[in-house]
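One structure is given below, represented as structure tokens, and several questions about it will come after.
We call the chains A, B and C, going by the order they appear; numbering starts again at 1 in every chain.
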Amino acid sequence: MAVAVRELPLDLDAFEGPFDLLLTLVLREELELRDVDVAEVVLAFVESRAERGELDLEACGEFLVLVAALLELKARGLFPDEGLDLEGLDPEEAAEELAERLAAYRRFRAAASWLDERLEAESDRFFRLGAAPLAPVPSRALAQQDPAQLAAALRALAVGSPEPSLRHLVLTYPPLARFLDRFRTLLRSRGRFAFDNEVDRLSRIEQIVAFLALLELRKRGEAQIAQAGPFEPITVWNVSAS
Amino acid sequence: MERLRLVENPVDRLARSVEALLVIASKPLTVGELAAVTEEDEERVETALGLVAGRFREGRSGIVLEHVAGGYAFRAAREAADACARLVERPVQRGLTQAALETLAVVAYLGPVSRPEIARIRGVAADSAVAGLVERGLVSEAGREREGGAVRYEATPLFERVFGLTDRSELPELDELGGDVEELRSRLEDVAARRGA
Amino acid sequence: MERLRLVENPVDRLARSVEALLVIASKPLTVGELAAVTEEDEERVETALGLVAGRFREGRSGIVLEHVAGGYAFRAAREAADACARLVERPVQRGLTQAALETLAVVAYLGPVSRPEIARIRGVAADSAVAGLVERGLVSEAGREREGGAVRYEATPLFERVFGLTDRSELPELDELGGDVEELRSRLEDVAARRGA
């Protein structure tokens, strides 16, 4: 099944060939990741699955890990100054990381199927969950507690973690489509909006995906983008309305 | 040996099934229920129960078959009553887990408060933590946010006793986190939103 | 009869106490716990457990003693599985999805581990899979990474019990499972070489 993912045929603006080759070229820096439309890759995968008319979980899992890793590399490319240890990841290292990421996932997937088989083998093993019908009833007395524990627990919740650095940042990806939809709605209803206002309260990774969505809209000619200078607010407006 | 198996009294096998069922059941089982799940007739089940009763009785076994109002169930032998009492009264968890403590703190300071609100502040689902506190009697339901809204929870008098408080105003002050409950609430929600994702 | 009682091997009595405790316990009991509540030393408890194991084993009894989740517990004999299946639902193990099993594997091997860490390995958000596992009782909260940090999760004793593991060390070595970095890497390099040629 893994073969199917690896050989997934792609026909993108910047690349035509199997998925596996795309990864290799990206890692060898023969293809700029910023030219690769990850959303198109996802679409191609979804379409290929739909044609088969079956849900191949193994292939889906592998594909998700690879795409997540690709997006992460792409996100890193957009923020080259952050995270000292991430800077200047050469293709060798990138290939190593991608392979390790996939290998780690495969080990856990193998562990999951071991658990699945184990569950099957234990399907004739029954035990009671919870109290026995005629067991003595415990009084469940709780020892005296110190109210200072409550204050400490709430203080800890009220103290935000330090500003997250990319070093600790663990990435989960909201779907690009979510931001595409949201921005299209804004462009339709208001004609123009301030990007910063829309992403202000989002996590860093959501902001990255939102930014990718913005680039996507511009690439498709659905939006215009302007920024007075580095770190200045970004304005987005509807091309047809301007 | 193989020979012995072949001539095994078929009621012995049924008796073993009855033992198996009684050891996993969480309530007493009637003869009718036992007959239904073993796909045997009630008369044979009664015979099997007789065998089980002989095997599991006071003095012979630590497990005793008991016929109670709702049917048959196993109980502990009387000779082991002291050990059993020590087992159930054993202070399984004298303290509260981190999850329970955080949830209790949110309810005590901000209550009445709903599960979704607790989940938002803690950043994780609050269902099992809230259920555990309700079961321990430290937290109880206190109406709904509005008609058809989420159930809200508040701390109970038992909570006050366990924490040695006469009322909620005796909770340790959190002045540095804002003057009143509303300020505290919005501060916690802000931090949670930033921590989010 | 009375005479026979007097010369009874004292371990027999302890074995009956152990049986009594195990039949009312709601989770496996360790040798230490059994020793504490019977007020005996662990060595004698082990001897008594040997007697109980001989009495409660497959083929001989419908109740079977098993060493699971770090302790000892009674379960139903496997030969009675069909009747048991007709009696009880198995909400914990029924319908675990691929996503749930993968998440469970990550938590079992790496726990305590946070949702973002799980998501990093699986490549997708783990929130609903984790919530489902918490609901089933297979996974539970285990504090936070640091003050105000993400909640971490670990596998519960129920996980070991459901999967019939004596302890975590019975899980296969992760290194021996799937994925070979070298193999994957050379595959990537191969395609590039073919392209380059």
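Convention: a residue touches a chain if its C-beta (ideal position, glycine included) is under 8 Å from a C-beta of that chain, and two chains touch if they have at least 3 such contacts.
This structure is a prediction, so every number in the text was calculated from the model and none was measured.
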**Study point:** Reference chain C; chain at largest CA-centroid distance
**Key:** A
**Study point:** Chain closest to the assembly centre - both centres taken as Cα means
**Key:** C
Point to revise | CA centroid of chain A to CA centroid of chain C, Å | key: 31
Practice item. Would you kindly tell me how far, in whole Å, the mean C-alpha position of chain C lies from that of chain B? Key: 19
Revision key, fill the gap. Per the C-alpha centroid definition, the whole-Å distance linking chain A and chain B comes out as 37
Review point. Which residues belonging to chain C are in contact with no fewer than two other chains?
Key: 23-25, 74-76, 80, 84, 88, 144, 148
Review point. Counting only residues that touch at least 2 other chains, which ones in chain A make the list?
Key: 126-132, 134-136, 156-157, 159-161, 172
Exercise for review: Can you check the complex and tell me which residues of chain A touch chain B?
Suggested key: 126-151, 153-161, 172, 174, 201-203, 205-206
Study note, to complete from the structure: Listed in rising order, the residues of chain C that touch chain A in the complex are 23-26, 73-76, 78, 80-81, 84-85, 88, 90, 92-93, 96, 98, 101-102, 104-106, 108-109, 114, 116-117, 119-126, 144, 146-149, 158, 161-164, 171-172, 174-175, 177-181, 184-185, 187-189, 191-192, 195
Point to revise | Interface residues, chain B side, partner chain C - complex | key: 13, 15-21, 23-25, 29, 33, 36-39, 61-63, 74-77, 79-80, 83-84, 86-88, 90, 97-99, 122-125, 127-129, 191, 195
Practice item. Over in the complex, which chain A residues touch chain C? Could you list them? Key: 6, 18, 20-21, 23-25, 27-28, 57, 61, 64-69, 95-96, 98-100, 102-116, 118-119, 121-132, 134-136, 156-157, 159-161, 170-173
